[in-house]
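Pasting the structures here.
Next, two complexes with subunit A in common: one pairs it with subunit B, the other with subunit C.
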Partner chain A sequence: MTDNRTDKYKKVAYYPGCALEGTGHAYNRSTKEVGKALGLELEDVKNWNCCGAMEVKNIDPKVQTYLSSRVMSQAVNEMGHSVVMAPCNGCYHNLKKAEYDLKNDETSRQVVDRISSKAGHKTYHAGEIETIHALDWIKHGIGEEGLKSRVKKSLKGMKVANYYGCMYTRPRHIFPEKDQGAGSESTSRPHFMDDLLAAAGAANVDFPLKTACCGGAHTLSDSDMSTKLVLNILKAAEASGANVIATECPTCHSGLEMHQIRAEKKFGVKTNVKILYFTQLLGLALGLTPKKVGVHENMSDSFGLLEQQGLA
Partner chain B sequence: MRSLATIGELLEGGIDTATPAATARDLLTIGEEVLEHWLQARGLKPTASKAEGFRLLGLHRQGARGDPSFNACRETCRELVYHYNLVTMEPGDSATAQRLAMMQLVASHIYYFVSGKMQSAQLGEFCCSSRDLRLKQAS
Partner chain C sequence: MAIHEKHLIRPENIKSHEKLVLDGIDISGHWSTFIETRVVKDYNEDLQEEISALPGGENVHRCWQCGSCTNACTVNAINPDFNPRYWIYLIRMGMESELLRDKEIIWQCVSCNKCTYVCPREVAPEGVMKATAHWLELKGHTKPSPSTIFDDVFSSQVINTGKIEDGLVVRNFFKRTGQSLNQPWLVEMVKRMMAHLPVTMLMKLGLSTVVHPRTQNWGAARDAINEYVAEQDAHHRKALGLEGLVEMAKQEAAAPFKHAAE
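This part shows the complex of A and B:
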């Protein structure tokens, strides 16, 4: 894919999804602040709906396709956007999946058309809008060079394990733009977050669990197994030499935070690695205050580390 | 094949064998045995075939057939193979001890993932954090 994206991503429709209004509030705040600082504009999808990630999918996956298609319909038909950005891996995944189904499956097209007519809005058709993640938005909207030139406080001293979670690259077939050679994202070893944080001065560590499942932290929220999976990720990050884990999804982020605390309470194992959204790290590098990027809203207390590194 | 409980104890206690290559071999075998448990629990006969030169990857491919959520451990399996290659190709490298420590964490991840999946088949599917919130609102 080449490359009118610098212009195309300057102003995009923004689909925060419901998690960013709850557990992922700091991600919402930092994404918006980073956008402002970089001159990238976000316009909330008008009257957006939840994609119904779990419950609806279990009842009828076609209804979920409809719910995601409605978000895209709003962005394209009500607002005239050609790009919609979703910072949550789940929202991003669901929009991509709906796009794929609408392109390839006649029954999905019929169901979406039928429900859209009943609901009284225009049907979304595959190809009318491009869905991107917050990582794509900054990587292609500004790029590493653009970012470097705007850095006010280098992230030098931040040793980062980049954690993408298990959904950002899966299943491969719904992300036709990935694995397309130089400049594209890799589904086996994603690197966009690594690239952006390196441009802001951070040292990325070699982290073998960057796409490992964290144990469905919100499926098994009080399960020891989930805590053990997260603890293993935290230990691997520390063993890789990281002092911070960067995240790009509210669900993965809160799972790590929640189980870091639980691991200490339940198993008496304390890990010291901090957990921050990549947008928070970028915001700090762009000279924003920790408060502006919502560091105080995280469960993982990273103020000490940020002060030590001259970032707070 | 060792039981899952024995494998869990081994991974928590640390693997100690004579040479780096033997340790790496044992960790790779542990990965294979864990996947064998998963396949057997689903009534399948674990394959002896290899994918990309490794039985572990052959077993993973078999496990993911018909269950895409099992792909949540695909890259973890590949990382185990990658570390195995690093250790066995360059056993004298100064990073070998670190690579083995990492390999053990990677093997542990496969073990925890599969054990978790035996508890909840949903593991490996997206688990939205807004769910709790919405369930509360609905009740």
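This part shows the complex of A and C:
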């Protein structure tokens, strides 16, 4: 994997996914703004479709593989890209999973080929594109040093609990580039978000629930379970001394926001920790206004904290 | 936390007698507590095969019962009765009636994949949970769970239009599960969401309830997916010995996602 990534990630195909056009709009906005500020170019995948999220695999896993493969097919065959960046953990995970299945499973290849030809587009084949997360994009496209030199307002005073969730690291086998020693991401103790925010001056706290589950898959169908799981995360962040949780997934983010409110309204448990996308925090450090990075679109109201820290 | 195990000795099998004389010896009270012999004779010898035939259950036979899955399980930490290792054991032993005692909670797996991450035998317990929940519904042991209804609402929108719009998914899900949108925490959530949004953004949000996002030229993909899903469904029912229902499934299959985006 080493290392022409600084060049390779300069211009990539961008797969926002459905959530970033709805509840996760602040993530979409801040990702694009941060890209602009860092001189990294994004080109939207033409006429993309949903990757299948957490749901379609329960109808049929191979339909989910097809849906994800079509997104990659669009980026390769309609646009000629060799890298596609997905900021949403769900999209990122599903594209990675499709890549793994298409590489290793003949039945998956047959099903994808069959549906693709009936749907009238070129079949995607494993190895034609590299799927990366927004964290990889900035970590390898710019790096900590590059980021440091561009910081206009240090995040000093922001005590951050970095929350990665489930789908960025599990299951391990679909992420062959992780756990490859120095410089690579770890699936048990992920650190790319920590690294980037530290470079922007933030004080990361020692947060034990980095890869805990927020219950996102059942956020509406088993809400009490999700509220309990989210409360674990919020309380652990507060106990670790954090004043903000940084997120890198729209499902985790809206789950934390939603169940923070639900816990308060339904169970009378109030937590005060704020929730921001890591791209919002990076954007603020790069001198962008809170509005530019969509802080007003969050349910968790961080304006007070940002003013107090001189970031708004 | 230690792994919680189920007691196979159940309260209803413990017999105690106020007064009991056996062979002329008075063993009344405490000494007369017996555990009734428990005989399992309703094995479903095909249970493992049936679960293996459903997506996710393919590797259930590989399990060697180390318990790593239950130890890592997110839901087990909240509800100790949620025990993937035990259910996999029951499936492999064919102890269907024992498995059915937990039929109302198996669907609660949150797909965090911690089990699949730690499993040393590549069983993919998360997949087995999904296959088992699917099996319970296909066999008619349970009604469709809220999770299945959500998957159905969500997937029908994806398959029909290529994309989803989260507001519409929420509305359709609440409608199909008969829940009111007027819940204090939901109202509060919307209030906070609106708090800082400029008018133009609010108008855009309002508009998105009228204009739904969709992928262009999606019709052929939709038909190809529906055809494949219907085929798989018939295949699964056959594997579960539900041939009598295959005809019925075929009729349904003409429109497997009839709850189309409204």
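Convention: the second predicted complex is superposed on the first by the 304 of 312 C-alpha atoms of A that agree within 3 Å, B and C clash if a C-alpha of one lies under 4 Å from a C-alpha of the other, contacts with A are read in each partner's own complex, and residues count from 1 in each chain.
The working rule: a contact is a pair of C-beta atoms (placed from the backbone, for glycine too) under 8 Å apart; a residue touches a chain by one contact, two chains touch by 3 or more.
Predicted model, so just to flag it, every value in this text is computed and none were measured.
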Q. Superposed on subunit A, are subunit B and subunit C clashing or fitting side by side?
A. clash
Q. Who does A:200 touch here: subunit B (first), subunit C (second), both, or neither?
A. neither
Q: Could you tell me if A:212 is touching subunit B, subunit C, both of them or neither one (first, second, both, neither)?
A: both
Q.
Once chain A of both complexes is superposed, is A:235 in touch with subunit B (first), subunit C (second), both, or neither?
A. first
Q. Taking the superposition as given, does A:120 touch the first partner, subunit B, the second, subunit C, both, or neither?
A. second
Q. Looking at the overlay, does A:275 come into contact with subunit B only (first), subunit C only (second), both, or neither?
A. neither
Q. Given the touch rule stated above, what does A:18 touch, subunit B (first), subunit C (second), both, or neither?
A. both
Q: State whether A:102 touches subunit B only (first), subunit C only (second), both chains, or neither.
A: neither
**Q.** Greater residue coverage of subunit A in the superposed arrangement, subunit B or subunit C
**A.** C
Q: For A:56, select first, second, both or neither according to whether it touches subunit B, subunit C, the two together, or no partner.
A: second
(Q) One more residue to check, A:170. First (subunit B), second (subunit C), both or neither? (A) both
Q) Following superposition on the C-alpha atoms of chain A, which segment of subunit C from the set 9-17, 27-35, 81-89 or 135-143 overlaps subunit B? A) 81-89
**Q.** Contacts on subunit A seen with subunit B and repeated with subunit C across the two complexes
**A.** 18-19, 21-23, 50, 53-55, 166-167, 170-171, 212-213, 215-218, 220-221, 225-226, 228-229
Q: Please name which positions on subunit A make contact with subunit B in the complex.
A: 17-19, 21-24, 50, 53-55, 88-90, 93-94, 166-167, 170-171, 188-189, 208-213, 215-221, 223, 225-226, 228-229, 232-233, 235-236, 239-240, 250-251, 254-255
Q) Residues of subunit C touching subunit A in their complex? A) 55-56, 74-75, 78, 108, 110-114, 116-117, 124, 130, 134, 145-152, 154-155, 158-159, 162-167, 170, 173-174, 177, 184-185, 188-189, 192-193, 195-198, 201, 208, 213, 215-218, 220-221, 223-225, 227-229, 232
Q: Over in the complex, which subunit B residues touch subunit A? Could you list them?
A: 68, 71-73, 75-76, 78-79, 82-83, 98, 101-102, 105-106, 108-109, 112-113, 115-116, 119-120, 122-134
Q: Show which residues of subunit A lie in contact with subunit C when the two form their complex.
A: 18-19, 21-23, 47-50, 52-63, 66-67, 70, 111, 114-115, 118-120, 166-167, 169-172, 187, 212-213, 215-218, 220-222, 225-226, 228-229, 257-258, 261-262, 264-266, 295-297, 299-301, 303
